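There are two complexes below, and they share subunit A, which is joined by subunit B in the first and by subunit C in the second.
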Partner chain A sequence: MVDLARVQKELQECNRDVEVSGIRVSPKADSLTNLVGTIPGPLGTPYEGGTFKIDITLPDGYPFEPPKMRFATKVWHPNISSQSGAICLDILKDQWSPALTLKTALLSVQALLSAPEPDDPQDAVVAQQYIREQNTFVNTARYWTEAFAKTSSLGVEEKVQKLVEMGFPEDIVRSTLEAVGGDENLALEKLCSA
Partner chain B sequence: MEEDYKNGSSYDEYYDNVYAAANDDDDDVDVDVDVDEEEYVDGLQEPEVETNRSLFSARPTCKVIRKKYLLAAQKEDLQRVMDLLSLKEHHARTLLIYYRWDVEKVFNVFADRGKEWLYSAAGLSVRSSKDLNSSHSSNEVTCQICFEDVSGNESTIMDCGHCFCNSCWTEHFIVKINEGQSRRITCMAHKCYSICDEEVIRRLVSVKHPDVVEKFDRFLLESYIEDNKRVKWCPSIPHCGNAIRVECDEYCEVECACGVQFCFSCSSEAHSPCSCLMWKLWTKKCQDESETVNWVTVNTKFCPKCYKPVEKNGGCNLVCCICGQPFCWLCGGATGKSHTGNTIQGHTCGQYKEGEVEDAECAKKQLFRYTHYYNQFKGHTDSLKLEAKLKDKLQEKIVILEAKSQQLKDFSWVTNGFNRLFRSRSILSYSYPFAYYVFGDDLFKNGMTQKERQIKQNLFEDQQQQLQANIEKLSMVLEEPFADWEEKDVLQTRMKIITLSGVTDNLCKKLYECIDNDLLAPLQEATHNIAPYRSMGVEKASELPQSLTRSKIGGQ
Partner chain C sequence: MSRKSVLCKFFAHGACLKGDHCEFSHDWNDPQNNICTFYQQGACAYGSRCRYQHVKVSRSQSSVSNHPQYLQSEPILAGHPSGASSVVTGHASGVTTDSSLSSRSLLPTDKQPWGEMVGQEVISDISHIRERSCNPADRPICSLAATGHCHRGEMCPHIHGDLCPTCGQHRLHPFRPQEREDHFKSCQRSQKHLEALMHSDEIECSVCLERVLSKPKAAERKFGILSECDHPFCISCIMNWRSSSPSSGMDVNSALRACPICRKLSYFVIPSGIWYSSKEEKQEIVDRYKSKLRSIDCKHFDFGNGACPFGTSCFYKHAYRDGRLEEVVLRHLGAEDGQTVIVKNIRLSDFLSNLQIR
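For the complex of A and B:
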């Protein structure tokens, strides 16, 4: 059984200092075992400016077993599968410790974006490019960030407008958008499942 | 030769025959059989002085550990480490699991690097109980796993100093035990690799899950075998429950108390003089090729006239049975004798074409080479199975002889002769897969020049043939109905068996010497460790000493 009390506390804790860390975790639908995390692309990397969504599934043994994480946003990185979003990170495998949290895990994922480890690749094609053609790599990664990790350039008001047009009440649209950090797709998902 | 035996030719004549047989093809081979020392001559009573080469002197002593004594055997090793380092049992276990139950290694690391290094490498933190008490206050603490506030007695501080609530510890232990990681359950804190105290694990888990504690204890016990390079489960099926412990980690073959003989290094059947790698490749090959060998069998066709099986000889598809009937290999139909490049006169199956087969010639050569070695191997393995039945018959002969004999009292020469036959036959049969690899391209393609290979192959095959000739003679003599003969003839048979046994033993030694010195030593390409020749046969594991097995068993 997942320790839901702990997950609950983790979410509160994490969303409290979201302004500082930029790391956000919110439940997908109503279940506390399927979550979505978002991390901002680290400054000074080809991922800068992007917002990356990560699907999180908590196994029954959580926190004594590691959470399962997978990039939902397509990303070009040696340790992340460009196809499936699978992440190669030790703390998500044998180096997991129950003392880690979703937030610390997401911080590690963010750190991985800044510091790829091509010697232990998840995506061999990307890793090869990273080693042999740094420039091409940076350009591709940047292009992917532009294409996939930048949520629509719509302003908040435009997003509200769009969702209201879909038939949701404006006050609920606004609070939902706020709760998911302005991600219109997430907000839509939440609104539909409410 | 057979006639000679029955007619009771003099011993000297016989001896000359044996001697000559042993030297049939190669005068350089001298077989040192000293007739005066006939007690030793069959090689089963060991001479006091061992042969000087390490090849024969390696004598790992091995012990059988019955399942119920596993704990006692493990305790013995634990005790040595506990005594040396004044450690508690669970600390000693942590060290020994890390160092794969190699007590000497633990001692050496301790001597070379000191206690601290020894402990930290194994993730062992030893704190005195005083430290623990002082740092463990009864105040409320917040568990950093579940974020709950708990009182001091609901939390536990581990040797590394990290403290979490008891229910979190328990969950952690259960997850790890169920994952099969009982041997190294580390602290929950991130990047803390300290091993948790097994007493704490038992105490906490037993509150709600005594079955998991049982599992934990079983894993710890089995680690003694599974993490231990000197101990292996006997591979018998169904499993006899025993494990075997060897004193030095050499390549050797052992016999379990249940009678199963196996290679200690790879746990498959005893296969010396094949190396483990050769044996693995060979068994795989035999599986893979069974199809192909079948293909060869399928490709024996039957004559359309007399129905005898006919093998194809050469590339031409017009074949001829010994009865004189020519027929088309491809369709099997009877034909006339004259043919051109692509037709048989008057025959119209349309499949016949000369020359097409030549592409396959190379692959076929490979296959025939394999088939040759396989047939030799299989032939001797089959003989071995037949000869195993001889054992009972010989036992009957001994009973008869004991009843009627006047002069002879000791009939160990019968059993010794049988054992010699059995052992040498098995060596001979495993020498074929060995030869297949040593003189083939799979493992040692660049090991020797073609010429070198040919010379060595001749030398080796010569030895195999001499050995084989003597084995067959020994087999024949043992099969004779000597129990029904007069005592003087029995005496002569005794002499023959003892002499042939001695010669065979020597030839086996020589075969191993040849393997070791002439064949493997110059090859750099792979390390092939071969269980050394033991004149006495595969070593039988002895029972653990009584003192040990009597010590406390059953830890819970």
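For the complex of A and C:
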């Protein structure tokens, strides 16, 4: 059974210094076993300025088993799958310790963003690019950050305007944006496929 | 049965205040008086569930018994003060008050040495007591004065003790240096324990993030001390972690047996009710735990019938039924690659494996 008392404590603790760390953890629905964490992209990296969402699922054995974490925001990084968002990080696997918390694990993920490990890749394509064409890698990573990790920073009106400029009728844009919860990329996908 | 040959019940619980001056035996070899006084008098409300023996003892065996009430009733065994008092507390109170009242009224006023505890004691030899009281070292300490105020003041037949600086009570016997010393030591020990407990109360387990001593279940209010580092955990969390089945790629030694915080490898966990504040205190807890386990027979060894997988490193006692301890002769075998292999018993597998014994 998941130690819910501990999870609750962790959430409180994490939300207490959210201004300092920038790391947020909140429950997805009523259940405390499905959570969403957000981390700011580290400064001085191609991920700077982005806000990355991470899906967290707590297994039954938590905290004696590591939490399952996956990037919900698309990210271009050698140790994170560009397709599924799977994270390759030792502390989320065999190096997990029950003294680690969701916050410390997210901090480690944030550190992973600023220090890629191309020798132990999760996404071979990205890792190849990182090793061979560093400039292209930085540009792609920055572009992905701009495209996928910054949407929430725009206001609703700006998003609407952006999509209207692309040639979609305003009322459909508004309803579609509402339907997907304000994510302009998802809205764009939906509008295109409609 | 003489009192000196009956094991003192308070001593058996480690709490006899009389020390060398106790009229009962402080020798573990002496038998305890386990006879139910209520059964002796005719009726024991506990019947077959009574903790004490239901046997009739003839009057010839009792040494002290000229109390009128006792004479009226069935012949009884000499009233063991401690035995009687513990029986009294467990039994119907009606009988108790009767007998204690009548015995009090008959007691010489200058002999009520241990207050409530020996209210049942019947002392007939008044002259003996008077004689004893002459020597101040023989006079027991006044329990009323010890805990507060004795209304008898100067008239009190008992010694009013000196103030103990640690517990703040008048419990130091002025004429019994050994008893003073004992009280002093035990008082300081309990004071230290109290301080340690206060200090331990603040400490949180790093896994469940709760204060260990405030956990909901009483059984969980214990620390699990790691032998090699000083990070605090509650016993259930650390044992849970160490016994969890390693997931793929997890190494037992580097992950599970390591401290969750500093990852230092510890081979064993010591349960403890208090947390320590110095290395010496930790060593004391470890030593106490180990010596306790050494007195328990190993269930794997099973008095020589089984084989203990922990061998010579086992914390439990490896003794045969006759009390003889297991003697282990370790054989050092030189393997082909120059390494030394330590083996206990010669097993066929030693020869079957590719280990080459010179």
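FYI, the second predicted complex is superposed on the first by the 151 of 194 C-alpha atoms of A that agree within 3 Å, B and C clash if a C-alpha of one lies under 4 Å from a C-alpha of the other, contacts with A are read in each partner's own complex, and residues count from 1 in each chain.
As a working rule, a contact is a pair of C-beta atoms (placed from the backbone, for glycine too) under 8 Å apart; a residue touches a chain by one contact, two chains touch by 3 or more.
Because the structure is predicted, anything quoted here is derived from the model rather than measured.
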Joint occupancy of subunit A by subunit B and subunit C, clash or fit: clash
Contacts of A:K150 with subunit B and subunit C, given as first, second, both or neither: neither
Which superposed partner A:R16 touches (first subunit B, second subunit C, both, neither): neither
Contacts of A:R132 with subunit B and subunit C, given as first, second, both or neither: neither
Touching partner for A:P98 - first (subunit B), second (subunit C), both, neither: both
Touch count on subunit A, higher of subunit B and subunit C: C
Subunit B versus subunit C as contact partner of A:R6, first or second or both or neither: both
Subunit B versus subunit C as contact partner of A:P63, first or second or both or neither: both
Part of subunit B, among the options 93-101, 129-137, 345-353 or 489-497, whose backbone runs into subunit C after overlay: 129-137
Residues of subunit A at both interfaces, subunit B in one complex, subunit C in the other: 3, 5-6, 9, 61, 63-65, 97-100
Subunit B residues touching subunit A - in the complex, by the definition given at the top: 144-148, 168, 171-172, 174-175, 188-192
Residues of subunit A touching subunit C in the complex: 3, 5-6, 9-10, 13, 61, 63-65, 93-100
Touching residues (chain side subunit C, partner subunit A) in the complex: 206-210, 231, 237, 240-241, 244, 247-251, 255, 258, 260-261, 263
Touching residues (chain side subunit A, partner subunit B) in the complex: 3, 5-6, 9, 61, 63-65, 91, 97-100, 104
